[in-house]
Amino acid sequence: MATVAVQVAGGSDGIPLRLKLQRVEHRRTLGAFTLVLPVVLFVLIAFVWPIGRMMFNAIHDDTLLTLMPRTTSALSAWDGKDLPNEGAYAALVEDLKQSWAQKTTGVIAKRINYELPGAGGQLTFSARKVSTVSAGSYKAALIEVNPLWGQHDIWSVLKRGHSAYTGYYLLRSIDYQYGAEGQIVASPPQNAIFRDVFLRTFGISLGVTAATLLLGFPVAYLLATLPARTSNLLMIMVVLPFWTSALVRTAAWGVLLQDHGVINDVLIGLHIISRPAELIFNRVGTVVAMTHIQLPFTLLPIYSVMKTISPSYVRAARSLGAGPFYAFWKVYFPQTLPGVAAGCLLTFILCLGYYITPALVGGPADQMVSYFVAHYTNEDLNWGMASALGAILLAATLLLYYVYNKLVGVDRLKMG
Amino acid sequence: MTIYSRVAGALAVTGLMASALIEPALAGDQLTIVSWGAVYQQVLHKYVFEPFTRTTGIKVTEAVYSGEIAKLRAMVESKTVSWDVVDAGSNAWMMCDQGLLETIDWKKLGLDRAKFGDAGRFDCGVPGQFNSTIVYYDKKLPTSPKTIADVFDTKKIPGKRGLWKNPYPNLEWALIADGVPIKDVYKVLSTPEGVDRAFKRLDTIKNDVIWWTAGAQSKQLLADGQVVMTASWTSKEADKQFGTMWDAAQSGAPSYWTIPKGSPHLEEAYKFLAFAGSPQPQADLTREMPYGPANKDAMALVDPEVLPTLPNTPEHDAVALHMDQPFWIENGDELRQRFTAWLAK
Amino acid sequence: MATFAYASLTEKSWYYLHRLICGAVLLFLIAPILVIIPLSFNSAPFFTYPMPGLSLRWYHEFFLTDSWQRALYNSIFVAVLVTLLSTVLGTLAALGLSRPNFPWRAAVMSLLISPMIVPVVITAVAVYFFYANIGLLNSYTGLILAHTMGATPFVVIAVTATLMGFDHSLSRAAAGLGAPPITVFFKVILPLILPGMVSGALFAFLASFDEVVIALFVASPEQRTLPMVMFSGLREQYSPTIIAAASVLMLFSILVLTTIELLRRRSERLRGIT
């Protein structure tokens, strides 16, 4: 009936309803786009573009190509089987001399050290001595200066340097590396740490997210159902920690959790334990401190969604004979899911990026990906490694987000 | 209607305020000097920066960093260097090696390089102060540590130890504790067996170590009783509160006044380096900081009362471990990689 | 809990258990703060009990040192502008994204939240190079924009969550009754999404107010923020001034929030009378 009426109304100005509806729909979509556009442009220009350039470092490295041009080009013809020919050694001598004069040996050595730990120092040593090498047999002379040049793998690294692109950093981030013949092999066990680190990062983040949800949901419910005068005062307690810097809060956990800290003193005083429990500089301290910082981030979105839920639904369910728990679980809880999803998403993602807190209250085995990213960026100046770790973290997280969206996604929630 | 105009007004004001605050370009006769902040920088301000401005008329803008050399690299690579002089610590060698610092022309500087001894061998900076890494311990301990071997002996002195989360000086200390004489440490450490030996020794106390990254942390750990002893940098406050052990204290790694490559105030920066390396300000600093002057001429000007607290007195020097910077620049990458992985295991 | 009088025993015990749990969680939130505040009166520069003596020197330092006061001003100034900008941008985006049938929603959302995922150190270096190109280094504008980028996802996520349960027929009804879109927004949508916006704005404020890594890279001494001052000097000794600063800020926020609550009660009462 209604359709007929509309059709009649639509027909009066001679334009078919289908077209009109399409236009309205089109305008709506356009309107929605216009609303999102400023942020998208902002993020694209001020974030995606700079980050893209930075993360390019994960696959792009022209150190050897630009600083050892002769050697890398001489090696492009090398078959990679035996040691290279005399020409390559002559090119190497020239490149080393030049690098010594231009003070770029340090940069080359550092790059070589990533793939062949220790070889960089030998390269520096050779560069210092190379002025004594005279024409003739460069090959024998260089091997005489340093046996490094009689080994196959250094030449393999230099040959790969002919390309400005390298898979080394990404491989290393998942515990693989290039072998002596340029094939991909597993990293030696003393260097293979990153798969553990990624698993640890996702594990800790998941644990903290679950903890904040368990602790935050009941409080959000209380705050949303109490009368405003009480809930607003309790809300002050929730947002108060926001005003203390992360540094102060980690210091506070130090005071509470250390061997002679408040908690251990109380537990010992009550004769619950006889010697201090180890609560800090390990996983316990990390998770407790992170949960504390993240709790408001999970709690507040849940609370703000609960505030929009009309109490009449639960009342209706109750009056229709549903028990309190049934009504809560079947009627109230599904409506809170958008808040739960948002809060958990926020906390999980924020947890992935933690490094200052675990550094201050965790042990060495609790450091997460971001710690290594910070270490490589700021202390080691190994931006290739930092970018590779960051790129893998980003890709893995977006993949997880996609799956999460499919499971508890926007469209699913509607049907709740 | 009023609410829209209010929102629009607020936005307009926001925009105006933001654009009005874009900074004017920096003026000429001044220098931006970066150091580590807190009390140390206040002392620098009093005894180095202010006297420098008084003598030369060059204004000093102070900035603070926490060793983020990535920022320095970004500055140099993008040619937007806004730091003219950087107070560099153990990171100086890496920055120099990576070509981020100006090579110092000592003739232009007008200082006698020989006055700085071994520390003067560095190409990219003027040595400032020596600050040893020593062992502080709880004064209430029944047996106080006497040698570095005691730090590695959890039977003799039970309890946790605080160590710097860094390969140096821990690898050296592990070897010394394992019986290697101080003078041979670097010889042993340059062999693969020596490195294995050091890590093996560190393995024996791995579960008893709390690794700190910031100096403040180490002293807090000791004050809390969370550790019974800790490696740390010398400070007045800590000297008062804790016991000190100077055996195998790591010295020979001074702070350096360095100039980032591409500093727009190179002339003024040279003037500052010449001033900061001269004996008087180096000696004056010791009045409030237990750091030793790197310029040997400054020692004569130091107040005899504070002399014993300085790291580079003959008594302390005799038992010290002199850090071999060239060794670390050549092997640092490899050892740091291995140390990082060792810790994460 | 209106039906409490008729509630069964299990329901009653659940009620008390719930209160107990909430009390414990609130204690967990507050305990570290309660424990640390007294240490701001410690006469020694350590965060350790028992305190050797009491002193106001850290408050003295916070209120009378130029660098702390300037940092406080900078932090508040930057964080307030960041909150305004990101709340407007983020709310607009959330409104657009929550329209039914918005195409590529998941992709756009992924794009918008990615600033939260990339490790902040990488962002800091990347933003440095970007600003070096466009001349925004060492400026308030640069710092505010960088923080806004990090803060906007918080608003998007928080507001989208409240819009999820939003019944779009309400806004259609308002529009059908002749309200222009802006009136629909302020009269119908805004009151419903306000809790989400407030949460988002709070997160955005914090994302700027507590941020140190990006600030270290893009700010000059002129724009030094509170966290930058707090994190400096960690090489030597902790300074209880950071606790003094936190205590002052908390006291201030308690005063503000209580005042707001009292005003709200007053207006409620007044409305009740008329």
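As written, the chain order gives the labels A, B and C, with residue 1 at the start of each chain.
Please note the rule applied: contacts are C-beta pairs under 8 Å (C-beta built on N, C-alpha and C of every residue); 3 or more make two chains touch, one makes a residue touch a chain.
What you are looking at is a predicted structure, and each value in this text was computed from that prediction instead of being measured.
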| item | value |
| --- | --- |
| Label of the chain whose CA centroid is most distant from the centroid of subunit B | C |
| A-B compared against B-C, more contacting pairs | B-C |
| Rounded Å distance, subunit A centre to subunit C centre (Cα mean) | 22 |
| Geometric centre distance via CA averages, subunit B-subunit A, whole Å | 30 |
| Approximate Å spacing (C-alpha centroids) for the pair subunit B, subunit C | 35 |
| Residue list for subunit B, restricted to those that touch at least two other chains | 67-68, 70, 217, 220, 224 |
| Residues of subunit A whose C-beta touches two or more other chains | 251, 254, 377-378, 383 |
| Contacts with 2+ other chains: residues of subunit C | 47-48, 121, 125, 129, 231, 238 |
| Of all residues in subunit C, those that touch subunit A in their complex | 1, 3, 7, 11, 14, 18-19, 21-22, 25-26, 28-33, 35-36, 39, 47-49, 89-90, 92-93, 95-97, 99, 101-103, 105-106, 108-123, 125-127, 129-130, 145-146, 148-149, 152, 154, 156-158, 160-162, 164-166, 192-193, 195-196, 198-199, 202-203, 205-206, 210, 226-227, 230-231, 238, 242-243, 245-246, 249-250, 252-254, 257-258, 261, 264-265, 268 |
| Subunit B partner contacts - residues on subunit C that touch it in the complex | 44-48, 81, 84-85, 88, 121, 124-125, 128-129, 132-133, 137-141, 144, 182, 186, 216-217, 220-222, 224, 228-229, 231-239 |
| For the subunit A and subunit B complex, residues of the former touching the latter | 103-104, 106-107, 109-110, 113-114, 117-118, 120-121, 124-125, 190-193, 196-197, 251, 254, 258-261, 280-281, 359-360, 363-365, 367, 372, 375, 377-381, 383 |
| Residue ranges of subunit A touching subunit C (in the complex, touch as defined) | 25, 28-29, 31-40, 42-44, 46-51, 53-55, 215-216, 218-219, 221-222, 225, 228-229, 232-249, 251-256, 262, 292, 295-297, 300-301, 303-305, 307-309, 318, 324, 335, 338-339, 341-343, 345-346, 349-350, 352-353, 355, 369-370, 373-374, 377-378, 383, 386-387, 389-390, 393-394, 397-398, 401-402, 405, 409-410, 413-414 |
| In the complex, subunit B residues that touch subunit A | 67-70, 73, 91, 94, 96-99, 103, 165, 210-211, 213, 217, 220, 224-226, 329-331, 333-334, 336-338, 340-345 |
